[in-house]
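Supplied in structure tokens, the structure appears directly below.
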Amino acid sequence: MIGVAVLGAGRIGKIHARNVALNPRCRLVAVADPMKEAAAALAGALGAEAMTDARAAIARPDVQAIVVGTPTDTHVDFTLDAARRGKAVLCEKPIDLDIKKADAAVAEIEKLGAKVMIAFNRRFDPSAQALKKAIDAGAIGDVHQVIITSRDPSPPPATYTNSGGIFRDMTIHDFDMARFLLGEEPVAVVASASCLVDPEIGKSGDFDTLMVILTTKSGRQCHINNSRKAVYGYDQRFEVFGSAGMLMNDNLRATTLRGYTESQTEIRDPLLNFFLERYDAAYRIELDAFIDAVADNRPMPVTARDGRQALRLADAALESATTGRAVKV
Amino acid sequence: MIGVAVLGAGRIGKIHARNVALNPRCRLVAVADPMKEAAAALAGALGAEAMTDARAAIARPDVQAIVVGTPTDTHVDFTLDAARRGKAVLCEKPIDLDIKKADAAVAEIEKLGAKVMIAFNRRFDPSAQALKKAIDAGAIGDVHQVIITSRDPSPPPATYTNSGGIFRDMTIHDFDMARFLLGEEPVAVVASASCLVDPEIGKSGDFDTLMVILTTKSGRQCHINNSRKAVYGYDQRFEVFGSAGMLMNDNLRATTLRGYTESQTEIRDPLLNFFLERYDAAYRIELDAFIDAVADNRPMPVTARDGRQALRLADAALESATTGRAVKV
Amino acid sequence: MIGVAVLGAGRIGKIHARNVALNPRCRLVAVADPMKEAAAALAGALGAEAMTDARAAIARPDVQAIVVGTPTDTHVDFTLDAARRGKAVLCEKPIDLDIKKADAAVAEIEKLGAKVMIAFNRRFDPSAQALKKAIDAGAIGDVHQVIITSRDPSPPPATYTNSGGIFRDMTIHDFDMARFLLGEEPVAVVASASCLVDPEIGKSGDFDTLMVILTTKSGRQCHINNSRKAVYGYDQRFEVFGSAGMLMNDNLRATTLRGYTESQTEIRDPLLNFFLERYDAAYRIELDAFIDAVADNRPMPVTARDGRQALRLADAALESATTGRAVKV
Amino acid sequence: MIGVAVLGAGRIGKIHARNVALNPRCRLVAVADPMKEAAAALAGALGAEAMTDARAAIARPDVQAIVVGTPTDTHVDFTLDAARRGKAVLCEKPIDLDIKKADAAVAEIEKLGAKVMIAFNRRFDPSAQALKKAIDAGAIGDVHQVIITSRDPSPPPATYTNSGGIFRDMTIHDFDMARFLLGEEPVAVVASASCLVDPEIGKSGDFDTLMVILTTKSGRQCHINNSRKAVYGYDQRFEVFGSAGMLMNDNLRATTLRGYTESQTEIRDPLLNFFLERYDAAYRIELDAFIDAVADNRPMPVTARDGRQALRLADAALESATTGRAVKV
């Protein structure tokens, strides 16, 4: 039975803590958050101990695995602290906003041989897993093109200014999925980015509408499109085109209901609104995969290096959008 | 906090017990099953007490609600025992295979004013709830026709001989859904039944392939079709046609994956195989609805009389299939 | 080059005449209609001769094939007149409203060995042809159940009183499709019929909402549902369920457009409104099949006996709806 | 009645000639092709005169409109010849492979005020028309992103070497659709192109797999992906995402048939194989739109300048794919 401490009792920490509690191979030992009440509420509901000091939680002898769900600028510190103590880590994305800091962290993690997994939850969505499995089974021959459509239902609140910009905050998930589905590392990035949703976003130097093309060494291509505001809900679609066919994943809806009226047919529900609902199963499967890898002493399914690579692509895309050049990576 | 005892530690008892454990408004106190090991295993996993005597479980002062998941011929006895003791009951369908016994039970339950709910799980499927809500909101005007397609992936094992026949065992769910969706009581039943799947079923006097038409007093109609064997999986579809439109519910699948190959397009997964997977959410929502009605002292969402009405329609359909006449109910 | 005369310059006559003109193996020689202007307009547009006397058109030596698109009560007379003269006939459905008259006509046609085809257009819809071909190729094993959904967008005008009632006018198409898809003759019919759309229809002794079950000797079943008013358009769906799978045909729409808005997703166009649009291709393929059978001296793809059988089922369904009994056929 | 001459009796000439013959506002006067037999066969079947000299056909006094379906390198010459003689022209795409020649032609056409339409058939597809109409009606607010998926079923024969490369031959259609749907001129182009389908294509200096991003002045974006080989058929999909919703057009299939088997569900037909089948209706509507514009003296729905703009985007995309830079246009 693996003892787990969850760092951060916010939105994402709650998800992870609940999934730790549901997993029969581990036990939720502690929840740490500087906001005392938040830690107490979450820990109390799940029968764990509330703490305010993350480092103390990491250091506990009854804790073998850490889930890092704290603000981005603490990810590397907590992860390395845990790694140095020989603990396994599931760290939220992004590993950091600064590629140099990320590089240094990955180097140390790899040198330590530490078990660190980056929480790219979308890989663990049942449809994404089925898609990857079908690709790997050769269902569509060689992969030629990947199309990723990824649009949020609405922009983050104006207070969310430390995101690192849309490429590092939002597109980073898509860069990881691109690598997951392409089966090869991208070597060139071109991007176009605009501000069409909210001028305030533009004033802060960020974008809300973008398109990217990644190209791999052998010439495989991946297109990503993002918008911060899809009025019809959280839009998450994946298409993989290959020499022998095509595979597609569509959005999820709460029900199968379809309506026919005098003026319209096949009317369906809106999409599941946002990532917590849409990736509910994915978060649980992700946590289970982490615990299984720890318990069975197997390699992490998503590594710190994966986190670094996605960040590198985000930086390159931002550079391309700004300079109008293809950026080699 | 409502104390709950689950009677029966079989397939369906496990589902209910798990859902009792997940519901924060109740507590799983005991699991009773004459098979000592089964009771112990289920109770142990969920932190409850294992018992072998159902009546002792019903009588416990720390138990206010009973879930009856035992063989059909014990449903009425355990339900009445609990009702007489003032306990709330969630009883699996059918209430009984004998309409006279069902009638007597309903009469006593109603006289007692007892809280008894029949576990017609399909009503609680999220898509069924959305369908009913849309009908009630007038989305399609007056209901004119209901089409229920309901096919099992494979016949029950030959040992399952006390089912009461396909109409009372399988179609009974559809009769309940018909009443749920029609918004009026059926007054006439016609049916056609055959044995096309397995001759052994016919030899035992039962059918495996059937079609029914129900007609209400105002002339609304409902068609039900059943087969004991749909090779593509558990097929559960609902269509409601009205004066102002149509609503449809389709099957569920494990993923959204669609494949395109040289010879085929839009290829999707098989359907979820059978009722435990297909109605996983429905079972949980059903249990929650039961507990809410008990805790808030509100009417049961599905009553013993609903259970009796479905049985009456099953008897009438069997009679029609045998005699070739419309049977009035 | 087969010379063709089209009898009747109304809605259906126009369709057939246009398709005759498009077929390179035949030539439209004459259009006959007692309404002089109608005949002249249609014949003029297609380079044929306008006539007012149908019998004169039938008798023309330059005419080898007759298309009967006149009112129902003239179908048998014109068909027999043509058959006796050795001409091939494509006769609109129904062959007649009176089963005795239909029986006599079929007997004479068969005795003459005449080439008479009944215009059950739906069989020739490309999707229906593909469905039948797949069934015949064994794609779903043995047929067990057929479900036919067939709803008109709106009732016929009140002046359309000689239709013979909904079973003989509208359901007759579905009875033919049932026979086409079941692969066996129905031997028993049960039906339920109501008047829910327009009370005037009920006052005239007819129905507007109905459900039927047909059963074949081996126990195969077919369900048909009809409504005279589907506000969302002409609804034509077919489902065939067998021992090894299922096949379905859906409705057609004018475009593939799907819309997503703040409140709804997957919104599609209304259905093609009515039979002339929906079965546009079917009418053309039907005419081509008729001409091919004539030119190549092959058996008619739909015979007068097929027309008679559908009428017999219509009569039986009406009797069942009225008496509440299964009617043997 | 407008007299029409069709130049070119090949695959595309046949389509246009048939549609001229079907249009009641014009008359097919002549078909001209240096291949005498081809001209004779096509003209003969449609009751027109066969000619071998295109210029003689253009000069005929009974001809007011010319359809140019000849090899690309003759497009400009025949179009200008006709324009100078005051005749209307429907010219196949591309107007030319050389932007300078195209520029000169457009300049002269505009100076002459000549009626010249470029045959971008996809704009006239009923689904594309419905899509454009919905956008213009404000159904999705402001357009933010357009996604065009356009894949051929198989590469052109090796003998088809004068195509000008994939960007000018294949993507040019997509550039036109991008302009049609974006509602603004693209000002920047980035592209990535590879050879993954057939190494021979790469040896000839061309590509078979590509992705493009177009950006307009206000920041709207359009992604195009192309492949020369989609094994599942001719893939033509369009998605337009806006501030108030999304619109999508899917592929067409020959039938609505869907199959369910033991291992798969929702199996549909392959796509319509290639452009002649897929855009059958579009070609007819395009011809009708041309004739209507000529007969009613209205502006051409697609102009020579539209043809030039698409070519300019093709050149820019090729430059971007080669240099790795965004190209301004």
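To keep things simple, chains are lettered A, B, C and D as they appear, and every chain counts its residues starting from 1.
Simple rule for what comes next: a residue touches a chain if its C-beta (ideal position, glycine included) is under 8 Å from a C-beta of that chain, and two chains touch if they have at least 3 such contacts.
Please read these numbers as outputs of a predicted model, since none were measured by experiment.
Colleague: What pair in B-D, B-C or A-D shares over half of its contact pairs, by residue number, with A-C?
Modeller: Comparing residue numbers across B-D, B-C or A-D, the repeat of A-C turns out to be B-D.
Colleague: Any idea what the CA-fit rotation angle from chain B to chain D is, to the nearest 5 degrees?
Modeller: Value: 180 degrees, nearest 5.
Colleague: If you average the CA coordinates per chain, which chain's centre is most distant from that of chain D?
Modeller: Using the mean of the C-alpha atoms as each chain's centre, the farthest one from chain D is B.
Colleague: Taking each chain's centre as the mean of its CA atoms, how far is chain B from chain D in angstrom?
Modeller: 57
Colleague: Nearest whole angstrom, what separates the Cα centre of chain A from the Cα centre of chain B?
Modeller: Once rounded, the distance between the two centres reads 40 Å.
Colleague: Enumerate the residues of chain D that touch no fewer than two other chains.
Modeller: In chain D, residues 231-232, 244-246, 251, 258, 260-262, 269 touch at least two other chains, as defined above.
Colleague: So in the complex, the part of chain A that touches chain C is made up of which residues?
Modeller: Within the complex, chain A touches chain C at residues 231-233, 251, 253, 258, 260-271.
Colleague: Would you pull the chain D residues touching chain A in the complex into a rising list?
Modeller: Residues 142, 144-145, 147, 149, 151, 188, 190-192, 194-197, 209-213, 215, 218-221, 223, 225, 227, 229-232, 235, 241, 243-246, 324-326 of chain D touch chain A in their complex.
Colleague: Using the touch definition from the top, list the residues of chain B that touch chain A in their complex.
Modeller: Residues in contact with chain A: 126-127, 129-131, 134, 139-140, 244-252, 254-262, 269.
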